[in-house]
Amino acid sequence: MLWNLPYIVVVLLAIIGLATILLKRNLIKIFLGVSILTSAVNLFIIVLGYRENSIAPIYTYAPSLNMALPTPQALCLTSIVIGVATSALMLSFAVIIHRYYGTVNVDEIRELKE
Amino acid sequence: MIADVIVSNLPAFLVAVPLLAAFLCPLVGRISPNIRAAWVFAAMALTAAIAYCLAYLVYTGGTVIYVFGATAADLSIPLDSGGIPIRIMFTVDPMSALMEIIAVTVGLGVIIYSLSSDERRSGLENYYTIFLLLISAVLGMVSTGDIFNFFVFLEISSLATAGLVAYRVEKGLAVEAGLKYLMVSTIAGIFFLFAIGILYGQYNALNMAIIAERIQWTPLDKIALVLIVASLAAKCGSVPMHFWTPDAYMMAPAAVTAMLVVASQASLYGLFRFVFTVYGVSLNYVTMGWVVIILGILSMVVGVTMAIPQKDIKRLMAYHAVSQTGYMLLGVGVGLAVLGDQFLLNSYGYTAMEGGIFHIMNHALYKGLLFLTAGAIIYRIGTGDLNRMGGLGHKMKFTMVFFIIGALAIAGIPPFNGFASKFLIYESVYQFNPILAVIAMVVSILTLASFVKVFHAVFMGPPREEHAQVREVPLPMLGAMAFLAILVIVSGLFPGIFVTNLIEPAVHALTDQAGYMTIVLGGG
Amino acid sequence: MIDSWTIAVGALVVLILLCIIRLVLGPTAADRTVAVDTVNTLTIAAMVILGLIYQEVIFIDVALVYALLSFVSTLYIAKYLGGEL
Amino acid sequence: MIELIGHVLVLIGLVVSAVLVFWFKDLLAAALAAGLFSFLISLEFYILQAPDVAISQAAIGAGLTTAIFIIGIRATGRYEEGGS
Amino acid sequence: MTIIEALTLFFLAIGIIFNTLGVIGLLRFPDLYTRMHATTKATTFGSVFTTLAVVLYSIGMFAGTSDSQFIVLGIHAAIVALALAFTNAVSSHAIARAAHRSGVKPEQAVVDRLEEAGL
Amino acid sequence: MRRELSVLIMIILAIFLFIMAAGFTFGSPLETDMDDYFIMNGQEQIATNNIVTTIVFDYRGFDTLGESTVLFTAVIGVALMFRMIVRGDSDENE
Amino acid sequence: MSKIVRFCADMLYPAIVIFGLYVIMHGHITPGGGFQGGAVVATAAALIIVAYSYEEIQGMLSKFLLQIQESAGLVMFAGVALIAIGLGTTFFYNYLANSGLLFGMSVPFGPNPGELNTGGFLPLMNIAVGIEVWGGLAIVILYLLSGIPKEGT
Amino acid sequence: MISFLLTFILVFVLYLILTAGSGTIGVWSSSEIIAGFILALAAAAITKNFLCRANNYRMANPARFLLIPVYVIGPFFIEVIKANLDVAYRVLTMNIRPGIIRISSGLKSDLGIFMLANSITLTPGTITVDIDEKTHDLYIHNINVGEGDELRPVIEDRELFALANLPAWIRRIAE
């Protein structure tokens, strides 16, 4: 019914995230791109596990036994925590870099370049 | 009884012991420096002992399976699950065992070195915490038989490595190098997760063996393979994505650099594991083999040509690390290219792969040794600039000897271990395609030239007056270097022992996809 | 009865999309913050009603987490805008 | 039918807010758009019957990530071009 | 249709209307403070009313079936409504304060005592 | 140069990802046997109603240990980064 | 922030903490669990941090305590899993499920509202992870705040 | 100690409200009550310094406490509805005179000023913009400043509310 629209959205999000990473020059903006890319892959994993007319994989009063697949949700939880850990570390790097160079523009902090 | 319990749970302890030690390290490390050093050393030694015991078990008794959370450790398939492994499992085959041996050996040497060389720095309790975390991540990566678990350990190693590379925050460059590494590995990790999603979505499984059984080589599988190879190649510093390596290797403390080599090789191991075990039979061998070969050749050539004009000793060595990674890729790639043809495989394919995998081990040893000597030099004279060195030969005799051993080994001069593995690669690659062998030899000669230059710049020449106070480095650092140097010499003098006992089982385990699947899926 | 809930959710989602227009236009960052804050409120309402539509009591907890936590991020933005961070 | 339209609208909102993150020059506005993206993706998880993931996205994505990004922007400078 | 159902629908309609008015106000009003008048109050009350509609629905269902899940539904929805009213008031105050401090001045204002006080 | 290369990489990846998107069908997973096992047996074996938690902490508990370790690593990394600022330490240079 | 926000933070802090603990505790019945609940409690700490200035925070939240909390949570997590080895089974074997001890009740198959006293060691692990995530995320925010340059530099 | 007890009672009640409907002791199950007790002890131990920061235990009196819902449902609600109609009229006719005015409240306690500020914010037409930390005077953005009010430096708080004297209620509850 919805055809593959969620998958298409995943692809679009991934492309936007990649574009932010590759084309933007500001470190914070790049990190925002990374977080979008992470969200895209999370959404991809969740969408993989969705079944038509299913309920959440938690037994409550809800009578139906047609449940969405639980494994992708478990994987996605792991992925979200990894994402927040990575962005915390990256932001701390950016803060330190700003203290040394006074800027977070990628083009201006390339001192290592030959 | 207790011994039985410990032996049957060795794979769990292999990761749990360094992890527990790391969790407690920030607290224990605050008490006093001596307790911290004792704690770290004890944890590392215990881990090494566990790894050696496990490797012994694997080499004598065949692949060890450990299922987390099952009633029995080898119950890979529950009785009521209809033939699917549902839990995470460790599958320690000889290849994994080899990597574990390498990791803990280098790790032990590096810890001893680091306890002495880094003692004047600040934040050491956190530093050693991350060090232990990195070691446990590497051990987990090489042991696991589950693709998502592999991803988790990959991320641990990414974050830990980035933290270690940026350890010298008083230098802005270090932070920049760490950030660069973190960006590359994060994006690689995200695409790796995409690949996991594709494989999971098609086959509803996360275990390597069950995916290997079900895989059908659809277009989606091809995309997943491309994503996996690209991300892991970026992590191990192969050529198209090698730009992070020189910065990271140069700015990290010497001990960390030696460990970085091991971490990169764990990614390389993951690449091999995915290509051979997960995709295996369904793969188009020749194409894939040539892709790996071309990656390897490019890495070799680009690495060595970039290395020659370098002015910084660690940066130069970093480019050589890229170049040496190419040898491994070349050897294994040749093996992969002929994997479909049993005759060619027997005639030279196995030899090539033995060369490539032996080179992993040798490279970890001699490159670790070289980085440690470079660290020793920098420890005493405070700079890595080749132009500001010279005449250190008299002041640092032992370091010079160790440097010579490492340099000769990396250049492939007999009787050191570099020669042993490179020779295996040359002779087999020559049968496969002579041009490749010639390129490999030329690269080797260029490597030798480069190291002769370094040797001359550092140790020869007249003594400079600003280095008048330079003395030999402390004893633990010398001990660590000697430890690795002896291993280099031993594996160079008796390569046959190593190849027959360690490398051959590893190569056969890597190429034997059906055997892997039988062990995991048939062991109900 | 359920249909009216569904229509309500549809209306809320349309309103969320309309708020994005203010996010695009908003001349100052404070305007954008107001837009995002509005989206929070609407999202919480939509989540509560969706929980009822799915007949799953437990889903309400998500809305509760949301209601309590989106507040914190709004405060961070406000503190930054006010120049006190 | 209405649920379907709602679902499609949420997906469109996701793409639009992601484009906004790319497009804004003001990093604070970009962080705000990322927060909005987080809310919407959490709603999408909710619609896709993954309440566990929706909670963690709400708690981590909407609450904490926005906060640490704001702190990061404060520590490094607000506008994308022209450095700090 | 019982009284409770009718009341539920009424609350729901009020909530949606409030929300719509709030968002229209967000789009149409000229400056920040008037927009905040429109949005924070209208959407807060709109969302609180839709949530209260859920509470009413659960009360009605509990009276009909005496199933304990409707207790949980009603109480949690009520807590959501409470939290919404509580936090939205404070956050709109915080935004207004921050906006004034960051230099956004009210348009067509007849008087600005805060500017004069210089806090 | 760099910009063109970036656009090229993005186009290649976009093609890949669109092929990927076309390979799956929304709402009907291709195979479900492992997850059906979890749904049918998880509640009984672990005595837990939330199947996701069952997977996160029991069937794939080791992943969760790794995941917590990732967070721990990040925190220790952040502490390592900010040690100069917080305590005002400074190292002797090498 | 102004007095109103500070007072609101003071009042909401216990409420969010108990709500986070509720999410942690009910991880095996309702959506939620250690990570989500831990993140909620960490956000409560973030609320306190945002309501007061950085200097005032020093007396309220101690980095050292949070560090201990984080380590303790992880050690508890691994320790609970390691006990299984002592009982003769494997790492992460759920030895408490269906045992009748603490958290060891059985649940009937099929739809049911759930009971707190079930789940084997899952609630213990939820608590452990909750403690860890709480400490970890709060300490990250504290460290990042310390990186903000002082005025005039 | 008093603050610990008060916090404990508050969080315990909150936990019980959250878990209502789980069993048969009242509407709670025994395990929920035990767990709630332990968790409330933990939460109170952590947060005891926050809830009663001002060492002001006046609100522990149930008579005052229970007045709050009465206040919200009664006068506050009436005021909100009246103000809503007023604002709707002004929005439709665009007959607005916005401005920021200063309100003197005379309230001393934090809770009182908090309730007044929130009441003002939630009443359509007015937003609390800022607060004078010393005198507890509020600065309010009003969508329709009364004629002549722009000239007065300070305005009494009860003049904002036409129907019910909200400040008097708040004073009764919180002072």
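Every chain is named by a letter (A, B, C, D, E, F, G and H) in the order it is written, and numbering of its residues begins at 1.
As a working rule, a residue touches a chain if its C-beta (ideal position, glycine included) is under 8 Å from a C-beta of that chain, and two chains touch if they have at least 3 such contacts.
Note that the coordinates shown come from a computational prediction; the quantities given were computed from them, not determined experimentally.
Work out which chains are contact partners of both chain F and chain G.
A, B, D
Show me the overlap between the contact partners of chain C and those of chain H.
Both-contact set = E, G.
Which chain pair is joined by more contacting C-beta pairs, D-F or C-E?
Higher C-beta contact count between the two pairs: C-E.
What's the distance between the Cα centroids of chain D and chain E, rounded to whole Å?
22
Could you grab the centroid distance between chain B and chain H? Build each centroid from C-alpha atoms only and quote it in angstrom.
62
Centroid of chain G to centroid of chain H, CA atoms only: how many Å?
Taking the average C-alpha coordinate of chain G and of chain H, the gap between them is 30 Å.
Residues of chain B that touch two or more other chains: which are they?
19, 23, 26, 68-69, 148, 152, 155, 159, 162-163, 166, 169, 175, 194, 201, 204
For chain F, give me the residues that contact two or more of the other chains.
In chain F, 17, 20, 24, 29, 32, 34-35, 38, 43, 49-50, 52-54, 56, 58, 60-75, 77-79, 81-82, 85 touch at least two other chains.
Hunt down the residues of chain G that sit against at least two other chains at once, touch-wise.
1-2, 4-5, 8, 12, 15, 19, 23, 29-33, 35-36, 40, 43, 46, 50, 67, 74, 78, 91-92, 94, 107, 112-114, 133, 137, 140, 143-144, 147-149
Let me know each pair of chains that touch one another.
Every touching chain pair, ordered by label, is A-B, A-C, A-D, A-E, A-F, A-G, B-F, B-G, C-D, C-E, C-G, D-F, D-G, E-G, E-H, F-G, G-H.
Taking the touch rule as given, give the residues of chain A at its contact with chain B in the complex, in rising order.
The contact residues of chain A facing chain B are 14, 21, 27, 30, 34, 37-38, 41, 44-45, 48, 69, 71-72, 75, 78-79, 82, 85-86, 89-90, 93-94, 96-97, 100-101, 109, 111-112.
Where on chain D is chain G touching in the complex?
Residues in contact with chain G: 51-52, 54-56, 59-60, 63-64, 67-68, 71-72, 74-75.
Could you please specify the touching residues of chain A with respect to chain G in the complex?
Listed in rising order, the residues are 56, 58-63, 65, 77, 80-81, 84, 88, 91-92, 95-96, 99.
Can you check the complex and tell me which residues of chain G touch chain H?
2-4, 7-11, 13-15, 17-19, 21-22, 25-26, 48, 60, 113, 115-117
Can you list the chain G residues touching chain A in their complex?
Residue list for chain G touching chain A: 30-31, 35, 107, 110-114, 133, 137, 140, 143-144, 147-149.
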